[in-house]
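Shared chain: subunit A. Partners: subunit B in the first complex, subunit C in the second.
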Partner chain A sequence: MTEFHEFMVAILRSGTPLVYVTMAGVIAQRAGVWHLGLEGVMIVGACATILGIVLTGSFAAAIVIACVLCVAASVLLWFVIEKLGANPIIAGLGLTGLGIGGTALAVQALFGSLAAVTAPFGVPRLGAAFGPYGALSIFVLMMPFVVWGMWVLLCRTRFGLRLAAAGEHPLAARSVGTDPARVRLIALAAGGVLCAIGGAELAAGGLTIFAQNMTAGRGFMSFAAVIFGAGHPIAAAFAAMFFSLVGVAGIRLQLLFGASIPHDVLLSLPYLATILGVWISGRMRGGAKAATEASELRDY
Partner chain B sequence: MTDADPPALHCRGIRVTYGEVTALADLEIAFARGAIHAVVGQNGAGKTTFARVAAGLVRPDAGSLAIDGHALRLGRVAGARAAGVELVHQSFALPPSFTVAEALEFGAGAGIGVYSRRRLLQRCRERLAALDLDVDPRRRIRDLPVEVQQGVEIARALVTDARLLILDEPTAVLPPAGIEALFERIRRLKRHGVTVILILHKLREVMAVADTISVLRGGRLVAGPVPCDQADERRIAELIVGQSAAGSVSADDARALVGAAPVRGAAARDTSASAALDSHESVLELADVSTAKDPEEPPLDRVSLLVRPGEIVGVAGVQGNGQRTLVQAIAGLAGITGGDIHLGGTRVSRLSPVSRRALGLRVIPFERNSEGLSLTSALWENWSVRELLQKPLFSFVDPSALRLRCDEALRTWGVRYASATQNAGALSGGNAQKVILAREIDEDARLIVAAQPARGLDIGATAFVWSALREAAGRGCGVLLISSDLDELFDISHRLVVMLSGRVVAEFVPPYDIGAVGRAMTGASM
Partner chain C sequence: MSGISIRAGAVVRTLAFIVVALALCGIVFELAGYSALLMLESVVEGAFLRTGGWAQSLRWALPLFITATGVAISFRCGFFNIGAQGQFYVGAICAAFVADVLGGAPAALVLPMTFLAGMAGGALWALWPGYLRLRSGTDEVITTLMGNFIAALALVYVTSGPLKDPSGTGQQAASPLLPAVYRISDSQGISPAIIGIAAAVALAMWVLVNRTPFGMLASLAGRNPTMVRFQGARLWTLGLSSFLISGGLAGLAGTIELLGPTGRIASGFLPGHGFTAVLIALVANLSVLATAVVSMFFGGLASAALYLPILAGLPAAAIDIFNASVALFITAKSGLLDRLLRAARLPT
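Moving on, here comes the complex of A and B:
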């Protein structure tokens, strides 16, 4: 039984950051932005949390700093897309590069080395009352409520409908007095907060460490979960947890089989699962064709 | 008009310019409350721009708007909606993935607006029932027939108790049977005190439903609003088309254009080269052609069809009965599973679209904005595709020479444009269609497949398209005209076939009997 609990803890611990960032991707996707900057915003969140704890000695201050910086990064993306008319995909990839490089630079500037930064403490834990799950952070407990909240917001409110209209058919949104650009600003800023939490959980949820490029493609995996889940918050959250499960299972297999399976194959399992997942969802929904049709509705 | 009775909508000196193009030039117009007002005009006359200004979607450079005597903040949709102005777009503005219930809800008010599924459905059913619209609120917009989509969009517009409803060319997308239902709906709205402004392009429709008519030309008001019962149709037609062009339209065309009475098509045969029609030569022959199943359109089911040189063959039918598949099969975009297609005696069943083009096939596709033109490419690029397609893959392109030739061609076809380097997306519908005509109708054309070539175009542009097709036929080119507009088909076709569920179910020759054709279209026993 402890084996099972350990397995679940591992899945939740590696899946929770993905789920938060996936929610950021979902809200952006619905508002009409293919958010490939998730990776960059997430690593800013991770780095800001650890540096914040080290520099201020307070977790609350650290998470506020992380949120502010992530929202700023997201607003930068919005500005480049909406005001400077950049291609959202290219701009998102640029933001990812900026996040990865910028965090490495920040660590170097503050500590004079590129080595990993360790914080004395991390996200508050659930505590002994939760038994074998006590070692998990409060963000894990919050996660199902955040997903549910996103579902209500996006699928059961007029605001959610207007957001979806802005993404799918901007003229329709403008016809009811909603400015699609403003909706995207709100969506990206909200996504910034979610990415900050996802990054904080990644860096300070278990170990309390920030290393260069520590997101290691998790932002892109979250983006894949958005596609796999067809932009639906609950489906996308399950997709993210599925990717986490595959990753954890890979590590277990490695322990079981040791040398008989190459190390790299097992480590690449979650990424292979991501590609497979996106391919399957594409087949189920007419994939590229559906995407082109949606983009044709753009009125500018 | 006294102070006690201010107009429902009053535009003063509205000016809108897009770059170098002036869409509205100091437009002055006032519409009385509680009536149905029609606005007609050429392409580029500024009708759609006028509608968008009134709805707050476009902010004019100058001028002012007043609703029921109260000044409106310009360029603000929220402000216009608060004053009771709603616009129903020509190509609807409802997100296709939304359900009917969601589509009615998303514009229903500001704020977060949390709802439960049950309450939403119930509210939606009430709204639909009030408008007498029979549709399941759980169905998605993209799965609905166009007339139902339009009904839903009108319902969407009325959710917030609109007092001034503007419909931009609402009949352009409707099959003939749907138009009367729409008009009935509009009349009922009028009885409920809603002022309706209809942007239309068929005078018969104007006369059938509107109380007043106004004519725009070149962004200015040239007539109206005058009561329809005092309006002289011929005079109005002249005002729309402009005196110079009006003289060149034949009497039959003029009747078909304004739809005064159904044209029986007797004249079409006389004006054609009848000698050519009796020949056994064919430019297009389909023999028992079938296509694979497609979720969006019925496949062709053993379709046989013959088009002779100089002949205009009309294809009638309610939208969605295999017309798109037919065009794709001929163009080489849909694979065929049985039968054979011959172009001018050459078997082309397995040839690529480019090879078919080399044999003289020209296609004016259904969707001019997505299939016919690349809206984000320059006009000269759109136009010169026809030559570039026939060149080897690695041949050189001389843009300046192509631009010059494009300019020449577009001028010959009377396209209103600023420069060959401007994007095709900047043109109005009629001008965009002329660019396609300029590209597709050339000396080497042997067969022109024209799919709804005049859809959404107004009187002047439609007459232009027709005369272009007739001229092409006069030169010995075969024309296959697919349309859901019977006036159009009757007026210019030498022969008419009717499609139903992917099959050719009937064939007619002039004089056409509108009753018999209508019955064939709906599959009623003859």
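Moving on, here comes the complex of A and C:
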């Protein structure tokens, strides 16, 4: 039984950051933005949380700083895409590079080296009342409610419909008095808060450490979870948990088989699972023909 | 005449956004407590002004140019192949294996085989995203991105396993240094062979893009795939070829790094190569000739990156930040700027 609990703790710990960032991707996707900047916003959240805790000594202050910076980064992306008409894919990748480079620079500027930064404490933990799950952070407990809240917001409210209209048919949205650009701004800003929480959970949920480039593709994986989950909050959350399950299973396999399987092959499992997920969702969506037609829409 | 003014407009637009990116970087650096002006000075000095600066910039520019022309062909065809980094790595890995297996054979045999293996490896790493995209509609942005991560892990595995340098004690896992007979340049990275290869690639790609039906149809396919289908061209063949060419060229660049300046493969070497190549292709607006010029610029930045810690006390990541902010703005179409340009052109 303890084996099982350990396994679940590991999955929840690695999956929760992915789920939060996936939710940010879902809301952006529905508003019509291919959010490839998730990785960059997430690492800003991770870095700001750890540096915030080290500098202010308060978790609340750190998470507020992280949220502000992540929202600012998201708004920058919105401005470039919406107001300057940039290609979302390239601009998103640029934001990702800016996040990874900028956080490395911030660490270097503050501590004089690129070594990992350790904080004295992290996100508040659930505590002994939760038994074997007590070591998890409060964000893990919040996660299902956030996913459910996203579902209500996106699929059961007027705002959710407006958001979907702004994404699917901006002209129609405009004709009923909704400003698609404004809706996207709200969506990206909300996504910034979610990325901040995801980054905070990644850096301070289990460990309390920030290392250069520590997101290691998790933002892109979250984006893939959005695609795999067809932009539906609950489906995308399950997709994100699936990717994390594969990653944890890989680490377990290594414990079982030891040196007979190369370490790096197992590390690549989540990336392979992501490719598989996107492949399946592509097939389900009508294959090559539909993709060709869709790609005409993202011409730059 | 109007063609020239449109092109001039595009150049001005590109330069304007590079200036915007520089300004953004300056703000980031000032916030981080560094002097943006000192950084600019040391970049210019590191890239071009110091003795041998041009040669060093060229050393970085040539592989970047080769990869970037490949990226440009897939972008032209409408495919966002951003997996140049992975294709570069897999090409280098395959080339290193062949050079290792054939070790001891005459260079006249080893070199062609190594080049072949490198290009085939790169092409292979572009083949599967291309195939998945064209056959099942799998989004190539994600598959090529994930391919980058997998290739980086494969490189770690190869350099710390099968091809590990037994004498290596450094922190970075690497393959043994190739013997001098198999090298096409010394560690300075500039030799007639490498310049010749780059010139041949430039010529071949220029002809391919501008003077063949394939280049013409590929560019058309990027703008309007439906129309290309109605013209009777096979989107499948066009798309897959563009993936293979772009992967093969990235693999070629990886082979040049292996046989030329680096002389070995090492885990995580040249981490920003693929992303910079994508940027170069976009800044050059996917044109082969412009790619050559833009490569020189980004090659200069890459070479300056090594001098930043010495001259300005800045981490080499500073260049990554500049590259990333260029990426953020490069595809922007500024209405304001276009209006200004039109106003400036009216009197003539």
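Keep this in mind: the second predicted complex is superposed on the first by the 286 of 300 C-alpha atoms of A that agree within 3 Å, B and C clash if a C-alpha of one lies under 4 Å from a C-alpha of the other, contacts with A are read in each partner's own complex, and residues count from 1 in each chain.
Throughout what follows, a contact is a pair of C-beta atoms (placed from the backbone, for glycine too) under 8 Å apart; a residue touches a chain by one contact, two chains touch by 3 or more.
All figures in this text were calculated on a predicted structure; none of them were measured in a lab.
A.B. asks: Check whether subunit B or subunit C contacts more residues of subunit A in the superposed model.
C.D. replies: C
A.B. asks: If you stack the two complexes on chain A, which partner ends up touching A:L161: first (subunit B), second (subunit C), both, or neither?
C.D. replies: So A:L161 only meets subunit B here.
A.B. asks: Touch check for A:L114: first (subunit B), second (subunit C), both, or neither?
C.D. replies: So A:L114 only meets subunit C here.
A.B. asks: Considering only the touch criterion stated at the top, classify A:T96 as touching first (subunit B), second (subunit C), both, or neither.
C.D. replies: second
A.B. asks: Should A:L185 be classified as contacting the first partner (subunit B), the second (subunit C), both, or neither?
C.D. replies: In the superposition, A:L185 contacts neither subunit B nor subunit C.
A.B. asks: Which of the two partners, first being subunit B and second being subunit C, lies in contact with A:V152: first, second, both, or neither?
C.D. replies: The first partner, subunit B, only.
A.B. asks: After superposition on the shared chain, which partner residues are touched by A:L272: those of subunit B (first), subunit C (second), both, or neither?
C.D. replies: In the superposition, A:L272 contacts subunit C only.
A.B. asks: Where does A:A172 make contact in the superposed view: on subunit B (first), on subunit C (second), on both, or on neither?
C.D. replies: Touch status of A:A172: first partner only.
A.B. asks: A:D264 in the overlay: touching subunit B, subunit C, both, or neither? Say first, second, both or neither.
C.D. replies: second
A.B. asks: Please identify the positions on subunit A that touch both subunit B and subunit C, taking each partner from its own complex.
C.D. replies: Residues common to the subunit A contacts of subunit C and of subunit B are 296, listed in rising order.
A.B. asks: Contact residues on subunit B for subunit A in the complex?
C.D. replies: Per the stated touch rule, the residues are 55-57, 76-78, 80-81, 87, 89, 93-98, 102, 105-109, 111-117, 370.
A.B. asks: Touching subunit C in the complex: which residues of subunit A?
C.D. replies: Per the stated touch rule, the residues are 36, 76-77, 80, 84-87, 89-91, 93-98, 100-102, 104-106, 108-109, 114, 216-217, 220, 223-224, 227, 262-265, 267-268, 271-272, 274-275, 278-279, 282-283, 285-293, 295-296, 299-300.
A.B. asks: Please name which positions on subunit C make contact with subunit A in the complex.
C.D. replies: Subunit C residues touching subunit A: 28-29, 32-34, 78, 80, 82, 132-139, 141-143, 145-147, 149-150, 153-154, 156-157, 161, 222-226, 235, 275, 278, 282, 315, 317-318, 320-321, 323-335.
A.B. asks: Quick one: in the complex, what on subunit A touches subunit B?
C.D. replies: Per the stated touch rule, the residues are 152-153, 156-159, 161-162, 164-165, 168-169, 171-172, 174-177, 296-297.
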